[in-house]
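Worksheet for the structure shown next.
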Amino acid sequence: MNTRILGENNLVINRFFNLDGRAYEGGALSVKTKELLGLVASLVLRCDDCITYHIVRCAEEGVSRDEIFETLSIGLIVGGSIVIPHLRRAVDRWDDCERMRQAQA
Amino acid sequence: MNTRILGENNLVINRFFNLDGRAYEGGALSVKTKELLGLVASLVLRCDDCITYHIVRCAEEGVSRDEIFETLSIGLIVGGSIVIPHLRRAVDRWDDCERMRQAQA
Amino acid sequence: MNTRILGENNLVINRFFNLDGRAYEGGALSVKTKELLGLVASLVLRCDDCITYHIVRCAEEGVSRDEIFETLSIGLIVGGSIVIPHLRRAVDRWDDCERMRQAQA
Amino acid sequence: MNTRILGENNLVINRFFNLDGRAYEGGALSVKTKELLGLVASLVLRCDDCITYHIVRCAEEGVSRDEIFETLSIGLIVGGSIVIPHLRRAVDRWDDCERMRQAQA
Amino acid sequence: MNTRILGENNLVINRFFNLDGRAYEGGALSVKTKELLGLVASLVLRCDDCITYHIVRCAEEGVSRDEIFETLSIGLIVGGSIVIPHLRRAVDRWDDCERMRQAQA
Amino acid sequence: MNTRILGENNLVINRFFNLDGRAYEGGALSVKTKELLGLVASLVLRCDDCITYHIVRCAEEGVSRDEIFETLSIGLIVGGSIVIPHLRRAVDRWDDCERMRQAQA
């Protein structure tokens, strides 16, 4: 789908997609910290697709289970009970990632 | 104002205020990382008072200027141009914090 | 300002303003309950002007201080810490209303 | 899923879940009124899972069909046409609840 | 479903649904421009059902593919990466509309 | 303030600011239509600074008073009564623009 959108050659959309990737590259903050920032932002804005993306990226960056739960707990406090359904799905995604990691080990 | 609200003895509000403090205590993640999470969540939800609070806490925890700007950049990418007025005020607050730190040195 | 807007004779805006008034009229639910619904909706959506409006209307409808705090506590749980600055201003407005009521007594 | 999350023993998340339950207990406001407040807050924040939860709780507390529609109408006025898809699903859930009540009678 | 809701005879809901239709009628602005306004508003508020509705209406009003993408690009810039999953589904809906138009030609 | 932020040389922020400008350049849609899209998006997301910016830009692009009110009416229908305080300030800003235009004539 991204290929289809980028193939449209809309300058603003294409540059935005590129910039979206650049924002999470390591710098003064590590890639791992930036993915946690992306995760908490996605949680309080309640976007399941974005949460799933950052959960997977966090797993790839070696984030621990406790770090995920502490990040989710901040999103819960900031965003309130309205984020609970998304927090549940985030935990579900995280458990999937852990299962895959164990299957590969 | 917080004292006035807590003095009301509403169990839910008082426990929430207490829990809000606990969420940012160090654990698997450092206090500093948690404040950055609080900052980016406040930025994408566009709450100036919350942004100011976390900017001040970040300064107290020794966050660097580059780390602040990278955190703000993720909030900007996730939240879009609608966060720009809040990003401007965040930078203004951060500059105040740096000036105060220099005046104290 | 409302007069100026209504004088513009934009059919959609004028009918919406009229409908906005109708929604809070008593029916199966009392006017008082409807104002509490308007208050909690305004709190979780974090609109200070709307909160002030419904706080004043609640005071006019004889809502008690405990009822206000319980309504605010539900808004706080649902909406999270991001509503705290608005909750503070709501309490401030409510205290103003109580002082005016006492001054008139 | 809740058991799995609570079993994680994250203090902030566990206390929040507990507090979320306490917020809807009867006090100065009845349980029924508090569920209506939860419903309208969920509607304007557009969370289908939360709406379903409060619709079911409202049915359990004996809320009438007219009271539900008046609550939804306030959510619609406050939140605008963007809540219409959620209002439709809320009515669908409510109709399910009524059918179950009739099947049990 | 709309018939079922309208049959309930809740004055506020019924008048709102009527007004919602009136808002997109041609006036100083064309129907086409108004549908683009409805589309961008739905995109930044991230409501898939509303986006689908306005995408279909835009196709009916003869909006071009480039006009759709430029509208989506403004929604993306204003609303940030959090709208990307909805932008993807919007493009998917638009492609469906184009396919149907070609099948009918 | 923008100069201060851009001087920071954060690649993501600087490119985003540049892209934000590009999004409103004329293309398949006119600059005027794009400014109306920016206005309605800012209204439903309830950002006064963004609304003011697009109101001024609309005035510069020769948008008529009726076109502004029709755009605001769509924002009101989509976003609900919660946008009313922002709609009032938008009308206020528009009236300022018209007065300035008349003073210059």
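For clarity, chains are labelled A, B, C, D, E and F in written order, and residue numbers in each chain start from 1.
Everything that follows uses one rule, which is that a residue touches a chain if its C-beta (ideal position, glycine included) is under 8 Å from a C-beta of that chain, and two chains touch if they have at least 3 such contacts.
Chain by chain, the UniProt names read as follows: A, B, C, D, E, F = Alkylhydroperoxidase.
This is a predicted model, so every value here is computed, not measured.
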Any chain touching chain C (Alkylhydroperoxidase) and chain F (Alkylhydroperoxidase) at once appears in the list A, B, D, E
Fitting the CA atoms of chain B (Alkylhydroperoxidase) to chain E (Alkylhydroperoxidase), what rotation angle results, rounded to the nearest 5 degrees? 180
Looking at CA centres, what chain is most distant from chain A (Alkylhydroperoxidase)? C
By mean C-alpha position, what chain is farthest away from chain F (Alkylhydroperoxidase)? D
Taking each chain's centre as the mean of its CA atoms, how far is chain A (Alkylhydroperoxidase) from chain B (Alkylhydroperoxidase) in angstrom? 20
For chain B (Alkylhydroperoxidase) and chain C (Alkylhydroperoxidase), what's the span in angstrom between their mean Cα positions? 28
Cα-centroid distance, chain D (Alkylhydroperoxidase) relative to chain F (Alkylhydroperoxidase), in whole angstrom: 36
Could you put a whole-Å number on the gap between the CA centroids of chain C (Alkylhydroperoxidase) and chain E (Alkylhydroperoxidase)? 31
Which chain E (Alkylhydroperoxidase) residues touch at least two other chains? 12, 16, 19-20, 23, 41-42, 44-45, 50, 69-70, 73-74, 76-79, 81-82
Draw the chains as points, connect those that touch, then say whether the picture is a line, ring, star, complete or other. complete
Using the touch definition up top, name the residues of chain B (Alkylhydroperoxidase) that touch chain C (Alkylhydroperoxidase) in the complex. 1-2, 4-5, 8, 10, 12-13, 16-17, 20, 41-42, 45, 47, 49-50
Contact residues on chain C (Alkylhydroperoxidase) for chain E (Alkylhydroperoxidase) in the complex? 11-12, 15-16, 19, 22-23
Okay, in this complex, where on chain D (Alkylhydroperoxidase) does chain C (Alkylhydroperoxidase) touch? 19-20, 23-24, 27-29, 33-34, 36-38, 40-45, 50, 64, 66-67, 69-71, 73-75, 77-79
Give every residue of chain F (Alkylhydroperoxidase) touching chain D (Alkylhydroperoxidase) within the complex, in rising order. 44, 76-83
Contact residues on chain B (Alkylhydroperoxidase) for chain F (Alkylhydroperoxidase) in the complex? 46, 65, 69-70, 72-74, 76-77, 81-82, 84-85, 87-88, 91-92, 95
